[in-house]
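These notes open a run of structures that come right after.
Two complexes are shown next, each including chain A; its partner changes from chain B in the first to chain C in the second.
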Partner chain A sequence: MGLETKPVSTLHETTSYNVEDFPVPTGREEEWRFTPLSRLKGLHNGTAAGSGAVAVDVDAAPEVTVETVSRDDARLGRAYVPADRVSAQAYASFEKATVITVPRATAASRPTVVNVRGAGGGAAYGHILVTLEPMAEAVLVLDHRGTAVYADNVEFVVGDGAILKVVSLQDWDDDAVHVSHHHAALGRDATFRSFAVTLGGDLVRLSPSVSYTAPGGDADLTGLYFVDAGQHLEHRLLVDHTVPNCRSNVTYKGALQGDGAHAVWIGDVIIRAEAEGTDTYELNRNLILTDGARADSVPNLEILTGEVAGAGHASASGRIDDEHLFYLQARGIPHEEARRLVVHGFFAQLLERIEVPEIRERVLAAVEAELAR
Partner chain B sequence: MTVTDRPELEGLGNYKFGWADSDAAGSAARRGLSEEVVRDISALKNEPEWMLDLRLKGLRLFGRKPLPTWGSDLSAIDFENIKYFVRSTEKQAASWDELPADIKSTYDKLGIPEAEKQRLIAGVAAQYESEVVYHKIREDLEEKGVIFVDTDTGLREHEELFKEYFGSVIPVGDNKFAALNTATWSGGSFIYVPPNVTVEIPLQAYFRINTENMGQFERTLIIVDENSYVHYVEGCTAPIYSSDSLHSAVVEIIVKKGARCRYTTIQNWSNNVYNLVTKRAVAYEGATMEWIDGNIGSKVTMKYPAVYLMGEHAKGETLSVAFAGEGQHQDAGAKMVHLAPKTSSTIVSKSVARGGGRTSYRGLVQIEEGAAGSASTVKCDALLVDQISRSDTYPYVDVREDDVSMGHEATVSKVSEDQLFYLMSRGLGEDEAMAMIVRGFVEPIARELPMEYALELNRLIELQMEGAVG
Partner chain C sequence: MSTLEIRDLHVAVGDKEILRGVDLTVRSGQTHAIMGPNGSGKSTLAYAIAGHPKYTITSGEVLLDGEDLLGMTVDERARAGLFLAMQYPVEVPGVSVSNFLRSAITAVRGEAPKLREFAKELKSGMDALSIDPAFAQRNTNEGFSGGEKKRHEILQLELLKPKIAILDETDSGLDVDALRVVSEGINRFRAHEDTGVLLITHYTRILRYVTPDFVHVFAGGRVVEEGGPELAEKLEAEGYEAYTKASA
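Here is the complex of A and B:
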């Protein structure tokens, strides 16, 4: 039978620590066809000179341990195996890794902030491992700023019954290139909340993924992006349900404005035959504010069992509803203000999910600034 | 286990078209593909030079293009073992009685002559292996200038019209299988509807593969001129063999300003047929193109009927229903390309997987820059009736214009206990209840079919669902 000869999923077929296991992308591959390879500055084909400076500095809660370790530390790379060439390149090239650990049954008293600052130069590579031991609880902020050509992998190991809330801000300068994989491995009854905010950079390609090691895992992946003229912001999500009775929800919303603004959102969910009782939903919405912007939205779903609690996805792209504007303008609100309010409303529901008030304020202000451009 | 107590269903297997008739022509036919085979096909049909050139170009491109790496696994297709051309009878018949007895009995069993007698269809074409063996169109339509002939005759008798449109919608090198079809095409329908003519009753074609390891490459070209309407219906069956056959058709449709075309397919190939089909229509200003696509049979189907919306207010619609049972993969979907302002498209896809089968919805909605005011909605629902079947959704959306509305929604559900309980508490058996739920699930599409096809679809569902429970 021809049907059984292929890997179970047609999404994400290869994973390896070895760069050579991934051919140099040509742009025709499914996973690369949306990405403008010429703007990756050589991260994808080994020509990027590794002379860049990216500093990782952690402002940790007192209960949390932070270590800087060398690349041969045995804890690294156990939760996540690179799934594409750039990710493997980052894994093969980073020199120091940051390891953040929250001890068993400890609740961190305040958010731990990881400042990632790019200071220009050539390519730089990074690796971060965040481990929550069983029953631990923490909020983590990853704050990317400055300019860089940066490829990194971030592993989140969420132990049994632990709760991890992550906000990742991609707030780069206009010329930055950032290719990043964020992988969360969830233990029994673990809770993972991830919020990605991507605003700055010439090209940002963020690939958050989730796997489950035991039943009861619960993941919410939320995202917000604002794409300006000439920017390429790409989010590629993968939730792989391999064990029974886990839950996932993916909600990404983006606004696009200006010539050549390009948003790509790929949401892959696999429900394997063993993963009975899975409950999953994915949603992507794009608000196209001006001509010349382009939004690609692909929510893929592969389901190998009939015993699902719920499975679905939805994607919608369009411009601001004229009726909304009319409603507001009929009440005396000027056009520009009405437009601003509608975009606010579009993002408001998501912003509420950001755990850290300062970050919420900052994102709100950034959206305001984008709208004023 | 039988689904109902209707006696006519008893004794039928899960596939009722699986018999094979005597096959002298098929067993004598040559296997494999080469330039010689292509030249022979062209020479047998006395084709003009330009068509032979196109065929040879198709052959070259077929050799050069890779097999698709997505969708189904096609690596098991042995192109060298396929028979690319089988001539079943020397002469096209004008009445069923002129056909060789074994071929006539095939179509009798399929019920085609009966439908024609009852005037349920306005014209009928019957293709057996590589060529159309029977052809008939109602006299009044012929008087109005409607052309409905097999594609070989279309080339012979209407060469100018043919040359203008052949390959204009699907170029020779569009994909590997379109190239293969261009190289080896034979049979299919050629339809031209002149301006302001409404063909009220469907035109129908019936495709049958009889030979083992047959490659059927029909080519259909439909031109609906301004403000006209036509509905074309095709059905497909084949015998059950232990080794595989290949069906790789190309269908090109041109719907001119203000015209409307509806194309209905009920594909029920046996489970040893690879069904790899390229179907595409262009719709001009104010035109409407509707694909109604039922995929029930075949081993593997990869088929994504497309509409290119070229003129303002053009409209595209695809209604698709797929069933995959044991060993089947239905990788079906639709493609809508919005190239002009104020165009609209709708895709509704329903699929049911059972017994370890796999259904995939794979679709593309592309809204190009300048297609302002366009709208598209995509809705796919999948129903899973057991634990071993599989359902995938791969919807691609590419929007390059701000003034548009685009929505996609998918749900995958299992048959709910509540629904089953409700029906069973009213005295239905579990399998009857299951079949009824599935029928209800596909009803929005079944009601768009001509009545006899809707009945056929319902009956096929019952057969497919037979033994699905317990």
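Here is the complex of A and C:
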């Protein structure tokens, strides 16, 4: 296979900064078929009325620099080119971008928290660039709250030997709409740990992607979501292995309850011909707690080289196992409590991976609150 | 003084009738052994009494101290004083043994044990059954060997101290050492006042350690013969053949 070998998948064909390069989605396209376009409030077809208020406020570790820059800052958009129409719309429409930089060989002494607060109004657009210079280390929290119709792109540039750990919380009010791309570009021997927690919002469509610019990159993408009645929470993962000897692991788990609760998980992993020695695994599991909830889970592993170190995927969606409940109840534990134990158990290993203790507590409390509904 | 009364119990799985009229009374201070060939319905009896949703009671009653067990939920039965040590204990992912046991004790006793007392109680319970203390942090039954699962069932028996315990083939799959340890646990439990045991087994081996007061031979979904410990000796010598032929 030559370097020109393209993945056979028809996904991810177009990337462009120009909105007009992407036709208005109709809902029949592979990448849009699960998303209820009518609930996007016009983010996808240019009809979204502007003027929404979304404030981005950064509480940074002392070693970290934070800048608010204008659209024409040359650093923006270098790591990531929009891959769908809403992403391009966000790129064309944001007014100010937030640039966060961790200097070379510097370890940030505490997490940097980016508070993204929606205060209603019409549509709003954003852009965040996070750069870890070579050998830098940092923990970053993106905390989305309030209400908004919001489209944004976040670029993570993880330099050679740098370590970036990100927790992104989508904890919006019930009526929020959020369409977001998170792209990480990993340098040589860079480490990227991402933890997405999606709980609130009418519609959240988060597309985390990873690319590697040199060998030795290591990415873990973990996600946890809890979908309630009427919510549409969608996660679209793309890991593109284009260079040799990199690693990726994707683990997303969700629980769903209530009428019209809809989870979508798409996991695309491409191992290109050049990416020999790739080690990758992706997993999605959905726990369906009530009737009327639906989970769509589509893992997609495309291997274009014969020389992989490991590659696999798994996907399963199902009810709580009655045998688990029976065993716990047979020891006197009431049904509701048994159900709580099982759901906690389902998320337990994931929760342990959240780097920031306060965030771990908050997510735990949120899961608890969801179960009490 | 507690009594478990099983009266003319008929149980089906789907359309298939499995138990065909079981009568049995277990009082505290007594140990009853139910012995029978594979497929005779022993586990069905155990699960039906505990309230497993797969088993449908088509007629009959089960009373614990005069209270209708069959009208209770699974957890209510356990809190009323019934315990089932399962033939195949269930693996519960992500729920640690310690967390599980603490929840169970809290439910059965009606109040949460103090953390320090719980830790002590758990440790001495595990020691007595030669269970590695590290198991407290492992997920319930996940990756346990057959013998480890059975010890864990007996640990629960000793911690929860029910009025009536049904032990479904707790002896199967155990080597001699494990059988002795588990039998000692059962005997410690039997030594308490106000406890009765219904010991289900396929083999006579465990009866050398846990001596029954009554032996019931089970075949074709009902009790086909009853007697004292000497009946077990007879089964040991002659096997179940006579009964399986008769019930077929």
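One rule holds for everything that comes next: the second predicted complex is superposed on the first by the 364 of 373 C-alpha atoms of A that agree within 3 Å, B and C clash if a C-alpha of one lies under 4 Å from a C-alpha of the other, contacts with A are read in each partner's own complex, and residues count from 1 in each chain.
By our rule, a contact is a pair of C-beta atoms (placed from the backbone, for glycine too) under 8 Å apart; a residue touches a chain by one contact, two chains touch by 3 or more.
Keep in mind that this is a model prediction, so the values were computed, not measured.
Of the two partner chains, chain B is the only one touched by A:Glu30; chain C is not. Set against each other, chain B and chain C touch different numbers of residues in chain A, with B touching more. When the two complexes are overlaid on their common chain A, residue A:Ile303 makes contact with chain B while staying clear of chain C. Using the contact criterion defined above for the overlaid structures, shared-chain residue A:Gly318 touches chain B, although it does not reach chain C. In the superposition on chain A, A:Ala293 makes contact with chain B only, while chain C stays out of contact range.
In the superposed model, A:Gly345 lies in contact with chain C only, and not with chain B. Of the two partner chains, neither chain B nor chain C is touched by A:Arg360.
Contact with neither chain B nor chain C is seen for A:Arg110 once the two complexes are overlaid on the shared chain. Put simply, chain A uses no single residue to touch chain B in one complex and chain C in the other.
Touching chain C in their complex are the following residues of chain A: 322-324, 326-335, 337-338, 341-342, 344-349. Touching chain A in their complex are the following residues of chain B: 70, 72-76, 299-300, 327, 329, 358, 369, 382, 384-414. If you check the complex, the residues on chain A that touch chain B are 1-3, 5-6, 10, 30, 273, 276, 286, 288-308, 310-319.
For chain C in complex with chain A, the touching residues are 50-53, 73-75, 77-79, 83-84, 86, 89-90, 92-95, 99-100, 103-104, 107-108, 139-140, 156, 160.
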